[in-house]
């Protein structure tokens, strides 16, 4: 184990620094207005760097970095676990956090108050998402889920003119259900085991009364399922995605949904020992995939379409994890990475496309490629990557996923997933065709992305292509991550060995 | 350095540089393009080391690059076409914008094709297959015509269907054989169960069949071939479709004949035969030269598939030979159409006429190609058909022979229609200004025509390589002679004699005919139509190119009545309607969503006993 | 039935009924404010459940006040006579979080009212399908 | 229809939950880690109130999150309700439509300082007696609520709230970070535990609780201020519409 | 706990549930809000009985005072009566 009290590099900073600077930000804004943009950026950059350093350390030594808080070893105190799996996801979130910041660096340039709130909420949603992923305590996870949730409600309702409030209210309603169910589940576990630490629960899960165990699992599954946008619990998601400011769609796709998904996976893989959890995950994954992608086919608004597509990808990831084989989990983690990267790129570019069209309909963006060629190209790269054309990163995740299915000889499932991919291809290329071929209708407001947004998009595109051309950049990490999440004993032992 | 990698680098790197070169100046780009074209071609023919194998470890897989003599022959076809098409493209694409983009994709797709041929394992094959697919897709939609989105989407959807079934087969192979190597796969295949063989084989055949435009997966082909700029179509139909043939060859021969499921091969042959017949009949009724030739491509590919499917030594031999020939003559024909399009501004039969004197060289090369296409004796097409029919008769596939024969007859008809519609007939004032195409365009065409003539007279040049490639497919001891074809009954034909005699007759005939025709002809404009005050109706045959084969069309109306496209359209609409309905699940009312959550929870409670 | 059993039924029953009533309000009531009220009733029920579960009969609040120390002398003895403090700590957190959510929800209600001039959830359906 | 479905579903869920919870005996001792907390909060931390010890130290990380949630709520409220500042100052007298009675106003003068004092007492003694930062903060906020309701001229300088809020937040997170800089862990106690039941005991716990108290007070006051100023906007609208009618 | 307390608790619980139903059913939102504050009040007494003074204090302060206030302010700014 690494020294838990390293001063410069410790997972605690993922949460402590965003919170610290979030509290500080209003004061910084008083000193110099641009600080509210620069300081979060420095912090995001630092955290992204730190995440990479930590991940490399964990990768090389094979020892997870586990931090105890307030000096109490688990299960007494809360611990943060930065192992190969959580560390990988946290790193993805950290890097995307930085890119989202870069994309929105000049956001609301003139309105100081709104910019302040925006960056504040961005930092908190980031801290919440990473917190959900790296915490080792169930109740603490709930708290971070709430932080993520409330910042997401606020961000959804951020724009005044639109129906943001409506979307946020729906999100809040369903989100409250989630928190109620999660709390009840936690309570049931606590009454049986008297502990809240995940590793401790996992260690003693046999001691639970079987009925109570099942009900606790169901409650937690439903609660986290809501956050993970599982069908049919995802009614809020398309609205929230489509009404939030542009970069926040990317945040939802790459951070909050990942956090929910992580909670779901940790629940089924580590905490509980139900074998049917995987079946449940499998069935819900298929339903989520088919319904979301099918409905995306019939969307008229671009961000809504992306939202449904994003939900569909979540379904795919759930299917991948549900196999509970090394290859399946590997594919699932790769899909998570890929989905985070590609959906962010799509949201980044699409939000500019939608921004410039009067009613945000797909038919309104026709011919925009000639006004904003780079943005359109980025959208195109995103589409190619999500369809899974080589040499973009999407290809590899799809290939691994199908390999995992083939390993279990699920031919019908392969055909189903590929048919759904076909649907995906149809609706994405419809948009692309509109973008490139149709004559512009003339209702165009020139808001070409500024340099920072461009840079963020180009960086993302480069990452996507780099992974696509040379997947070994990430497969090593993903392989270890897959081993880490599947190996329950090591997780428990490493948590208790500090 | 590995020569295979060098070739791929030339093409892909050349493609990227071409993009920037065209952005500097058109001339720079053109020079670069021709340079890359020739370099790749010469490198392939002269310097490529076929024995080299390269293994790359990537993402937990072993990617293998290795060329064998079966794939080499397809590579040769590309190597012949590439520099010629590059030359041809210079004048053809004059005045188009985004040339850098176009040529980058062009070279990418060629690189993809070479990658497919070099692939020693299925994953590599698939990667290059997809690169080829998306780059060709982007070229199909390159001209932002009104049709482009529809055509492009159709092409993409069918390509994706193909690619996905290929992918399914590949992952199944990976899971069951534990190796993605192609040769390993064929080695161990006989040990696997019948179900696995049939499943994987059919999936692969669907995958390759899409690119080879086998019915009913051909729907994209006529549109895509005719929408794409003609210089690419010549590669598209000439070389890219051969990738499908390459794959089908690999699968049918290796999978079916060498592991004992010959029935499957027969089915493939039947698909090929039916494709050949139907596509030919569709070609007959086309009103546009591009579309006619596009359908003709589908038909010709059907022949080849039929040949491969029969799977005897001779039929495979014929199939490969026809594939190479088709690559050449169809490329030439599309180039000719492109030249016509560029010079006369249209390719519609009802507008074009009598370009023979305006564009004699184009006409000549088209004529040669059409003769090859129709399989008329002096030229190589005849050789291919001869062998094909023979192989089918000797292996007892009489019905298929009848089918193909029917197709050949109709093929002759459409070939004639093409020649007549574009080059013959009466001259028109509006085409007076039309000039012969740029030498950069005619010279490649003539070169290909020359190839075709030579191959017709000395088919043995090609036979050598084909025989070698047959060994890779497991057919050993293929014998051939330079110009003498011998059949199983011991009769033989010497192509040189036939060629010589027929050429003499033909030339004499042409001279006489032309002389007579000149003497007795009178020029009347074809639009000089007297309808005596009656408005002309559709039924009036007021232009000879309208309803060229009307009686024929009537006779075969029952064929034309059925088309597969509406079925696909209905299917797609059904799916969209279904999801339009499903979409209402998301009512927009937060309480409904909350109810869903409760319902979900209640269902989970109900099944709680089953969770263990 | 012993006192404890009665109390068990009473507390658990009341808490779960509160949750159910809150859920009912959320799912069926059309008025936005009623829905938010439902949410807060739901939260109350969950909190009551927590505290109920943490209670141990015949034990005191987990505070080592001078009087308690005087009664039990040692810390160990005092600790044996106290109820479970963890659910209390959790509920403290949960109450505050619940208040935050309620405040945000009400703010959204006000904004929805400004935007749509109604508090009927059925009329606020601009985003659907 | 919807109601019927809802009732059936809820009845089913409620019964199911009740059946499950009924398995958990009421009033039974099932402590596990809690036992450790009870034993050690007086011993190691010198904190009399075990709940405080858990909230601020053992599970202090939750509390940091909780404070953040409140902070978020006040930020979110501001972002959702976007009050208009100029109206705020111009129309502040419209805050209450009914003027508070003289008794209330005069009583307020005596009561409010007392309320605030009580709040301060509660959070300063958080580690000794029931109550703490949250409770004290809420009590103080109620005091300000009284002011806001009773005195129409009373306005709270928003800048002050922000300042207090930020400073208290930084103190909390900062105390945590100091632990790291001292070579310990985040939020770890680095001050002497002191004697049980002394005011100056419990190491950093009272400090943090005081910070929490200030923060909660500031945040809740901010939230209340924001919420109360909604009426200003609405009133403003009413006035506008009336003047339109009059014209 | 002795019998009297038990009876009191049962009565309290009945009032609790009754208040909750009242809060849900009543069309006058102000009254419904008052009913929820009654819920909070009873809950806070329950918490005292269940030996959780910290929570009782918090519930009393937040549930009874603050939540009610923000509800009432909201209601005053929207509509007081639920309409169908």
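As written, the chain order gives the labels A, B, C, D and E, with residue 1 at the start of each chain.
Everything that follows uses one rule, which is that a residue touches a chain if its C-beta (ideal position, glycine included) is under 8 Å from a C-beta of that chain, and two chains touch if they have at least 3 such contacts.
Only a predicted model underlies this, so the values are computations on that prediction, with no experimental measurement involved.
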| item | value |
| --- | --- |
| Number of steps on the shortest touching-chain route linking chain A and chain B | 1 |
| Most distant chain from chain A by Cα centroid | B |
| Most central chain, judged by mean C-alpha position against the global CA mean | A |
| Approximate Å spacing (C-alpha centroids) for the pair chain B, chain C | 71 |
| Separation of chain A from chain D, taking each centre as the mean of its C-alpha atoms, in whole Å | 30 |
| Between chain C and chain E, centroid-to-centroid distance (C-alpha), Å | 11 |
| Chain C residues counted as touching two or more neighbouring chains | 7, 11, 13, 17, 19, 23-24, 26-28, 32, 35, 49, 52-53, 55, 57, 59, 61-63, 82, 86-88, 90, 92-93, 96-97, 99-101, 103-104, 106, 108-111, 125-127, 129 |
| Contacts with two or more other chains, residues of chain D listed in rising order | 2, 6, 10, 13, 16-17, 21, 24, 30-31, 33-34, 37, 49, 51, 59, 62, 65-66, 69, 72-73, 76, 80, 130, 134, 223, 227, 230 |
| Touching two or more other chains - residue numbers and ranges from chain E | 52-54, 58, 62, 66, 70, 74, 77 |
| Full enumeration of touching chain pairs | A-B, A-C, A-D, B-C, B-D, C-D, C-E, D-E |
| Chain A partner contacts - residues on chain B that touch it in the complex | 58-60, 123, 126-127, 130-131, 133-134, 141, 144, 148-149, 152-153, 156-157, 160-161, 164-165, 167-168, 171-172, 174-176, 199, 575-576, 578-580, 582-583, 585-586, 588, 590-594, 596-597, 599-601, 604-605, 608-612 |
| Contact set on chain C toward chain B in their complex | 23, 26-28, 35, 121-122, 125-129 |
| Chain B - residues contacting chain C, complex | 583-584, 586-591, 594-595, 598 |
| Complex interface listing, chain A residues touching chain D | 4-5, 7, 10, 12, 15-16, 19-20, 22-27, 30, 67-72, 75-78, 113-114, 117, 120-121, 124, 127, 131, 135, 137, 139-140, 143-144, 146-147, 150-151, 153-154, 157-158, 160, 165, 168, 184, 188, 191-197, 200, 209, 211-212, 215 |
| Residue ranges of chain D in contact with chain E within the complex | 49, 51-52, 122, 130-132, 134-135, 138-139, 141-142, 145, 220, 223-224, 227-228, 230-231, 234 |
